[in-house]
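So, here come the structures, one by one.
Two complexes, one shared chain (chain A), two partners (chain B, chain C).
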Partner chain A sequence: MTDRFIRNGLPGLLAVAAASLLVTSGYAGNLIIWVAVAAALASSLRFVLLIGELNFSVAAFFGLGAYTSGVTTTIWELPFWLSLLASGGVALLVSMVFGFVTLRVKGPYFLLIGFAFTEALRILYTRSEWLGGNSGMVGIFPPEALSDRFPTFVVLTVGAMILVLALIERSHLGRIFTAIRDNDNVVRSVGIPVHLTKVLCFCIASFMTGVAGALQAFSNNVISPLDFSFLLSTFALAYLKVGGEGHPGGPILGAVILVLLASVAQGFGGAEHIFYGAAIVISVLFLPSGLMGLAARLCRRGARPGVARAAGDL
Partner chain B sequence: MPSTTSVVDQLLVAQHLSKRFGGLLAVADMSMEVRKREIVGLIGSNGAGKSTTFNLLSGFLPPSGGRLYIDGQDMTGRTPEAISRRGLVRTFQHGSLMRSMTVEENILIGAIGGMPKAGRKARDARVREMAELVGLQKALRETAGNLPHGMQRLLSIAIAFAPRPRLLCLDEPLTGLNQAEVAIVLAMFGHIRDAYGSSILLVEHNMKAVMQTCDRIYVLHHGKLLATGTPAEIRENQQVLSAYLGNTNAH
Partner chain C sequence: MQNFLQLSFTALQIGAVYILFSLGLTLIFGVLRIVNFAHGQFFTLSALCASVAVPWLAALGLPVWAAYVAACVAGVALTSLFGAVVYELGFKRVERDMIGSFILSAGLVLMIEGALLKLFGGGVRPVPPLFEGNVDVLGVSVASQRLVLCAVAVGLTVALTRALGTTRFGKALRAVSIDHEAAMLQGIPYRRIAFLGFMAATAVGAVAGALIAPVAAVTPTLGDSYLVKGFIAVVIGGMGSVPGAILGSLFIAFIESFVGFHFDPSVANLAIFVLVMVFLLVRPKGLMGHD
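Coming up: the complex of A and B.
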């Protein structure tokens, strides 16, 4: 399944990027960026789920990336590329320390620590004059050359990162991640350093989250502490659950559907959260493996008569 | 201090290992050794401390006292990963496999553990070799959790032996196997020793199999070593007969 995702991924990504060229700015452009950033968040969440941990600190690293791009662009005036890289790098470095300390606990404990870390960082931003306090930072612009084509740039960057995650998932390292989720004692008993491997998985995901945070900051031009509450982690989980976590395409599908739904719902007066809630309830109750799981089931059902016919012809 | 020769010549040397859980002394003053190319049995009734001993030897529990040497090196208090890389790999009594992964991927995890720097080809070759060793070469694409019980046991041995440990520690590998499967596994133990030169330490309740296969046997009783010797010696040992074997024969 992952193999096909990787094979079709690059042409698919280029097609989407080409299509996004038609949309240069305005609301449609912003919508494309939101979908891409949401897909990045959900893919990052899914990646850490490979080792069996629900990473609720994903919002924290998204915020770290966004604030790093804010500081490097508006205060230090570093070039865009360096700022983007620094955003991923800061998220990676912090996640290395955070993961090393916290990944010794599992399940609900890890989730709660992630939640606490997210809120702690958010309060830190509000208390810091340097980071603009409650009102946040303004004037985070991408370079002139990119500003017209920023949706396309975001789609390409996020798409490339998602493809890299899929490649890692398919590699032997990815097999170790899944094995740790299934039975970490066996992995330990054959001599694989389980803790460091978990930290590595967490760092890779956090780098991507940090870059996604920077892309969001560059697209909005403005960031404020309230953008990076734990709700963001909950949304990421919603994208993942609706799309389906068993396939790397799941988080993308979930992000497309929920972000578009929310955008429609915003017309009803800001009640879009109801749609997230309903989508989660429906997918948990009726689609345990998400829309991708449903699609796989339908494909199999569709394929079966075909196979029978082919066999009958012989 | 031990004489240095004993530590160097033996694959595994445990000296006066003990483990205390609060007020309970689960293992007390446990000394044992495993030589190269030896199949050693560790027996005892339920609660005798066999599993705790296994956890102490493999580093999954730090000892409260005593020392542990593997292949001449002091490994006391080291992590399971370090002990595994030193050449001791164990299985677990309950669930020694990754249930959602295929047989091939399961064995691959063992191969990666044993060859962290090797390429894909070398690891794949090791996977095939191990699958053939335990007779699972036709089930490589099956999901491990869907295999029948006997094949799951075989798979857990394949995973544990894939890093090619010098000492393979198996926690009740014969439980739930039928007679034909037991015969296959026992023959495999002989092959592992003869063809690969590895030693095996076995926790097992199947007395017939233990007596038939092991070169030496340690008997644990209430956390203490009750007796040690060849199967013939253990069979004659009055203490063992009254404490353990007597009960089994009565059934």
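Coming up: the complex of A and C.
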């Protein structure tokens, strides 16, 4: 499953990137960026779910990335590449400390602390005058050379990061992550440092979230504390849940479908919250493994009559 | 001294509401192993009902306090009914699935908040004061309506904890929350207790909402800040523990009141968060957590 995703991933990514070259800017370009950033958020959420934890602080690290790119671009005037890397780096450093402290607790405790951390950071942004306080930061522009092709750049960056996540998931390390989810005592008994492995998983996901946050900041040019409330984590959850968390393609599918549908729904008068909420509720109750799971089930049902006939022939 | 008493009184008052709020959260978690994010929405719904019904009933000629009592009853009844529908259609299918039920409740938060915003609009809905004037308690001047609301909240909390400790239903609830399989082996009807427990928790949350309505700025997003505080209280106290939720709520209320006065409210929020992190380092399962 993951193998096929990795094999088809690179050509697929290049095809999408090539297609996005046709769109230079305007609404369609923004839509492509939103889809890519949403896919990155949901993939990061899914990656931490590999160790069995629901990472609700994903909005906090997204915000950290965005604010780092804001500070490094508008105040320190660092070059774009450095700023992008710094955004991931800051998210990585903070997630190391935060993860080291909080990953000792599991399940509901970890989830709720992540939620509290997101809200605490948001308050911190509004209190910091040098970060623009309540109104946020303005003037975060990508370099001239990229500004026309920014959607393509975002698609390539996000796609590469998602592929790396899939590669890690398939590797030995990924097997350890799933083993921790299934039974961490067994993993501990063979001498693997469970706590540090969990922190590593969390850090990788947070680095990606930070970079995604920076990409969002560069494409919006404006950021404000309200963009990074816990609602963002809930949206990421919606993408993941609708797409299905069992397959690395799930978050991407969910992001594509929900972002496009939401942009259509906005035409009917801004009931965005109700729309996302209903999508989550319906998929939890009726599609427990998401659209990916539904597709897999349909494929199997299509294959079954053939199997039955073959068995009957024997 | 004057300040100290005044602040302690404020802390007690918000603390009582936090206790009612977090008791609902901890009961639902204990009995069903559900992290119910939508609890704040039940709280908001009841507060909104009160804020709509009080002016309406008062205009019909009822005295304000009678209108308020009637509005509270109506708000709590409506919210409980809504909670029953949500449980039967939704949570029943995902109970004991921590992540699944949490995702479902997060979806409900978005849906209900969106619907409430559409129905009631984003503006603040003031509730007319129930009692005029101030009362002197121990040399501290307190608005009499705050005093009454605080007394009701504290009285309810005491009654509720006593009921959980002594009545048959309370004992069954606690037994289920400690080990539901062992409880079933003792002949406790788990299905019924789960349903009643969810309803009781929702009703308590609704009461808290109705009590806060006259002294807070009632908007469709009222529940969000209580949700953060309530969950932190439950994490500090230990998920599923009733005395833990009470201690955690009081702890948060005192920090909020004292730090909020000496510095400012957002510093208080940050302080609460930092203290929780430190606290989790020392006691990862909370003050009274088991499992």
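By definition in this document, the second predicted complex is superposed on the first by the 304 of 314 C-alpha atoms of A that agree within 3 Å, B and C clash if a C-alpha of one lies under 4 Å from a C-alpha of the other, contacts with A are read in each partner's own complex, and residues count from 1 in each chain.
Definition applied: a residue touches a chain if its C-beta (ideal position, glycine included) is under 8 Å from a C-beta of that chain, and two chains touch if they have at least 3 such contacts.
Everything quoted here is computed from the prediction, not taken from an experiment.
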| item | value |
| --- | --- |
| Clash or fit (per the criteria above) of chain B with chain C on chain A | fit |
| Touched partner set for A:Glu119, first chain B, second chain C, both or neither | second |
| Chain B, chain C and vertex chain A (Cα centres) - angle in steps of 10° | 80 |
| Which superposed partner A:Ser135 touches (first chain B, second chain C, both, neither) | neither |
| Dominant contact partner of chain A by residue count, chain C or chain B | C |
| Touched partner set for A:Gln266, first chain B, second chain C, both or neither | neither |
| First, second, both or neither for A:Pro108, with chain B first and chain C second | second |
| Distance in angstrom between the closest Cα atoms of chain C and chain B, superposition on A | 14 |
| Interface residues, chain A side, partner chain C - complex | 49, 54, 101-102, 104-105, 107-109, 111-113, 115-117, 119-120, 123-124, 126-127, 231, 234, 237-238, 241, 271-281, 284-285, 288 |
| Touching residues (chain side chain A, partner chain B) in the complex | 172, 175-176, 178-179, 181-183, 185-194 |
| Chain B residues within the chain A interface of the complex | 58, 60, 79-81, 84-85, 89-92, 95-101, 105-106, 108-110, 112-114, 116, 120, 123, 156, 159-160, 162-163 |
| In the complex, chain C residues that touch chain A | 29, 35, 89-90, 93-94, 98-100, 102-104, 106-115, 117-118, 228, 231-232, 234-235, 239, 266-267, 269-270, 273, 276-277, 280-281, 284-286 |
